[in-house]
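One chain, subunit A, appears in both complexes that follow, with subunit B as partner in the first and subunit C in the second.
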Partner chain A sequence: MDGGDLKKVAYYPGCALEGTGHAYNRSTKEVGKKLGLDLVELKDWNCCGAMEVKNIDPKIQTYLSARNLTIAEEMGFDKVMAPCNGCYHNLKKAEYDLAHDEKSVEVNARLSQKAGHKTYEAGKVETIHALDWIKKAVGEEELARRVQNSLNGLKVANYYGCMYTRPRHIFPEKDKGPGSESTSKPHFMDDLLAAAGAQNVEFPLKTACCGGAHSLSDSDTSTKLVLNILETAEACGAEVIATECPTCHTGLEMHQVRAEKVLGRKTNVKILYFTQLLGMALGLSAKKVGVQENLSDPRDLLRQKGLG
Partner chain B sequence: MTTTEAPFAELLDRVDARLTDAPLTATARALADLQLAEAEDVLEAWLESKGRTPTGDTVEGFRLLALHRQGAKGDPSFNACRETCREIVYLRNVVTEYDGDMPEARHSLRLQSMVVKHLALFVGGKMVEAGLGDFCCSSRPIRHSDAAAAGPTIQGD
Partner chain C sequence: MPIHEKSLIRPENLVEHEELVIDGVDVSGHWSTFIKPRTIFDYNEAMQDEIAALPGGENIHRCWQCGSCTNACTVNAVNPEFNPRYWIYLIRLGMEEELLRDKDILWQCVSCNKCTYACPRDVVPEAVMKATAHWMELKGHTPKSNSTHFDEEFASQVIATGKIEESRVIRGFFRKTGQPLNQPWLAALITGLVRRFPLGYLMRMGWATVFRPKTRGWSASRRAIREYVHEREAENRKALGLDATGGH
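After this line comes the complex of A and B, so read on.
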């Protein structure tokens, strides 16, 4: 992945960023603008198939994700950036399935024909995450140079969730040695936030499950899983948990409230999208990056750190 | 919600009791090994609930990692706890590097307790869900009963 060709990429926000993850959408766009990067939203994009379609028929999920890749290709892009871990995972999985599984290729061709659009062919478009985008298009050195308002030693636990690196085989660009992302110890978010002045803490649950998939069917387990993540982050000395997935972010915020209500266990760690933290470090106001939309109100802490 | 309703309730109570600031009841090293063994118990319970015999083998010198690999066979979503298991081993190794009851050892021991707790909650949640169907994101489709027999198109790792 060459940094030069990432200055202008196709943008697939996905459904969550239009709803509960609105602040992530807003802060991602603002950070891009501030860094001189260009995001061109896919025209008439559709849901990636998320968990719901995948659990009913994974081939239809592959088709739904592939249709978005077709749109990117038709708009002249060979890279599409998806900031949501679920969308990123599904688009990557579609790329993999269409390169390795004949049945997926056949179903995708049939449904594309029926829908009356071009059939996506494997290898035409590469899906990248918002972390890849900023890390490769800008990099830590340039980012540090552009920081106007350092995060000033803010203690951050970076939480990547379980979808960003899993399953390993759909991420062929990861685990390629220096400069590449690691599936066992992801570090791109750590690298970017450190460049912005944060002090990352050692956090042993950075890829652990937040129970997002259980949120409706077994919310008590989700609450306990999230509470354990929050308490572990606090035990590691974190003031903030940085997130890069709207599902994880919402889960952490909602179950932080629920843990206090149902279990009587209050935690004080604040939850912010990494793009919100980067945006403030780049000189954007807290309002501009949507901090007022967060449930775990971090404004007092941000003011203390000179970031409010 | 009471803790006694959940799988691994006793283990979780024990871990919670250890998360207080009470004096250590054993050497840090012995407790780190105990917590590693508790994590193995969790994965044994998962395998047994699936009608499988837990392996006695090791991976990279640790049975926990072998049990995880065995538990994830045919169930890619179980890989969501792969790094959790590796962290338990890593923290055990960190604790054993310190000699005696030092603050660094205590800190790592505490984190190891929390990671073991996460493993128990995650696996317990999956065991409860198993009766309803597997809803985790990378799971095989719940309505394709033949998918398990045919094996997933893509093997997760």
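After this line comes the complex of A and C, so read on.
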């Protein structure tokens, strides 16, 4: 993946970014614009199946992602960028399964033919995350040069969640030594936010699970998992938890409220998308990156830091 | 001898006499504790094959019981009874009755994939957990779990229109599971959202609940997926020796 061909990539926002993840969609696009990067939204994309459709049948999920990859290919792109961990994970998994599992190839071909569109073949389109996109297309040095409003030592715990790194085998480009992302200790978000002036705290729960798959169907478990993440972040000295997934982000916000209402455990750490933090560092207003939409209202903290 | 590891033995299998004298020796209390002998006759020899026949269960035979999955498990840290390694052991031996003791928590796997990341044998324990929960429901051992209700609501919307609309999924899920929408924490959340989201955006969200977001040109995909789902459901039921008429 070289920086040049990442200046203009296909964009797969996914359902969450059109709903509760609105601020992530908005801030991602604004950051792209500010950095001179082009996003072209996939035409007539469909849902990736998130964490639900695979439980009905995993091969349907493969098809759902393959259809999106076909659209990217037909629009002339060999890279598609998905900011949502769920979408990113599912596209990656489809890519892996279509390269390694005959049965997946067969079912995908059958469904694609019946649906009347081209059958996606593995290797045509590479899926990247918003983190890969900014890190590879711009990089920390260039980013640091473009910072107009440093994050000023804001103490950040970087939270990557589950789907960005697990399981390892669907991310062949990770764990490839210097410069590559690590599946055990991911650092792309840390690198970008440090370049924007944040002070990253040592946070052991970077890839812990927020229980997002059962946010509503098993809320008590999710609240416990989220509370652990929030309290640990605070114990590590974080003022902000930076997120890069709408499911994690909404889960943290929702169960922060629930932990307070149901368990009487209040936490004050603020939850922001990494693109909101980058956007403000690049000189965009808090409003422009949708900070007013965050439930864990970070506006007072941001004003204190001169970022409001 | 007092039994020190009582926690490993189910209370109903421990017998202790408050007052007991044997051959003139007083063995009252813990001096008379013994564990009931246990002989198992009712192995379900088909159980492993049936679970392996469901999507996700394919690699269960590869497990060599190292316990990396349970060690890595997110839910195990919250509830030590949640033990994928043990359940895979029971399934492979066909100890159905033992497995059924945990039927009400088995569906709680959060799909974090820590087990799959840690597994040295490519068992994909996360998928095995899903297959096992699915097996429990198909066999009628458990009613549909909350997780299954959510999955079905979500999937039916994706299949129908190509996209989901979050508030419709949530309303559908709460309706299916008979939960009230006016729980205090949920109300606090919704008022929080309404207060913060820009008005124009809320109007768009409201609009979307009436005019559902759709993927253009989806109808042929919908037909193809529905046909495949029906076929798979029939195959799954057949693999479990059930008649083809039931299902979702």
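Please note the rule applied: the second predicted complex is superposed on the first by the 308 of 308 C-alpha atoms of A that agree within 3 Å, B and C clash if a C-alpha of one lies under 4 Å from a C-alpha of the other, contacts with A are read in each partner's own complex, and residues count from 1 in each chain.
Convention: contacts are C-beta pairs under 8 Å (C-beta built on N, C-alpha and C of every residue); 3 or more make two chains touch, one makes a residue touch a chain.
From a predicted model like this one, the values you see are computed outputs, not experimental measurements.
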Room on subunit A for both subunit B and subunit C (clash or fit): clash
Subunit B versus subunit C as contact partner of A:V125, first or second or both or neither: neither
Partner chain in contact with A:K224 - subunit B first, subunit C second, else both or neither: both
First (subunit B), second (subunit C), both or neither touched by A:G211: both
Partner chain in contact with A:A16 - subunit B first, subunit C second, else both or neither: second
Touched partner set for A:A286, first subunit B, second subunit C, both or neither: neither
Partner chain(s) touched by A:D97 [first = subunit B, second = subunit C, both, neither]: first
Touching partner for A:D44 - first (subunit B), second (subunit C), both, neither: second
Which superposed partner A:R166 touches (first subunit B, second subunit C, both, neither): both
Partner chain(s) touched by A:P58 [first = subunit B, second = subunit C, both, neither]: both
Contact residues of subunit A, present in both the subunit B and the subunit C interface: 51, 54-58, 162-163, 166-168, 208-209, 211-214, 217-218, 221-222, 224-225, 262
Residues of subunit A that touch subunit B when the two form their complex: 51, 54-58, 86, 89, 93, 96-97, 100-101, 103-104, 162-163, 166-170, 184-185, 204-209, 211-214, 217-218, 220-225, 228-229, 231-232, 235-236, 262-263
List of subunit B residues in touch with subunit A within their complex: 1, 6, 76, 79-84, 86-87, 90-91, 107, 110-111, 114-115, 117-118, 121-122, 124-125, 128-129, 132, 135-139, 141-144, 153-157
Residues on subunit C engaged by subunit A in the complex (per definition of touch): 55-56, 74-75, 78-79, 108, 110-114, 116-117, 124, 127, 130, 134, 145-152, 154-155, 158-159, 162-167, 170, 173-174, 177, 184-185, 188-189, 192-193, 196-198, 201, 205, 213, 215-218, 220-221, 223-225, 227-229, 232
Subunit C-touching residues of subunit A, taken from the complex the two chains share: 15-16, 18-20, 22, 44-47, 49-60, 63-64, 67, 107, 110-111, 114-116, 162-163, 165-168, 183, 208-209, 211-214, 216-218, 221-222, 224-225, 254, 257-258, 261-262, 292-295, 297
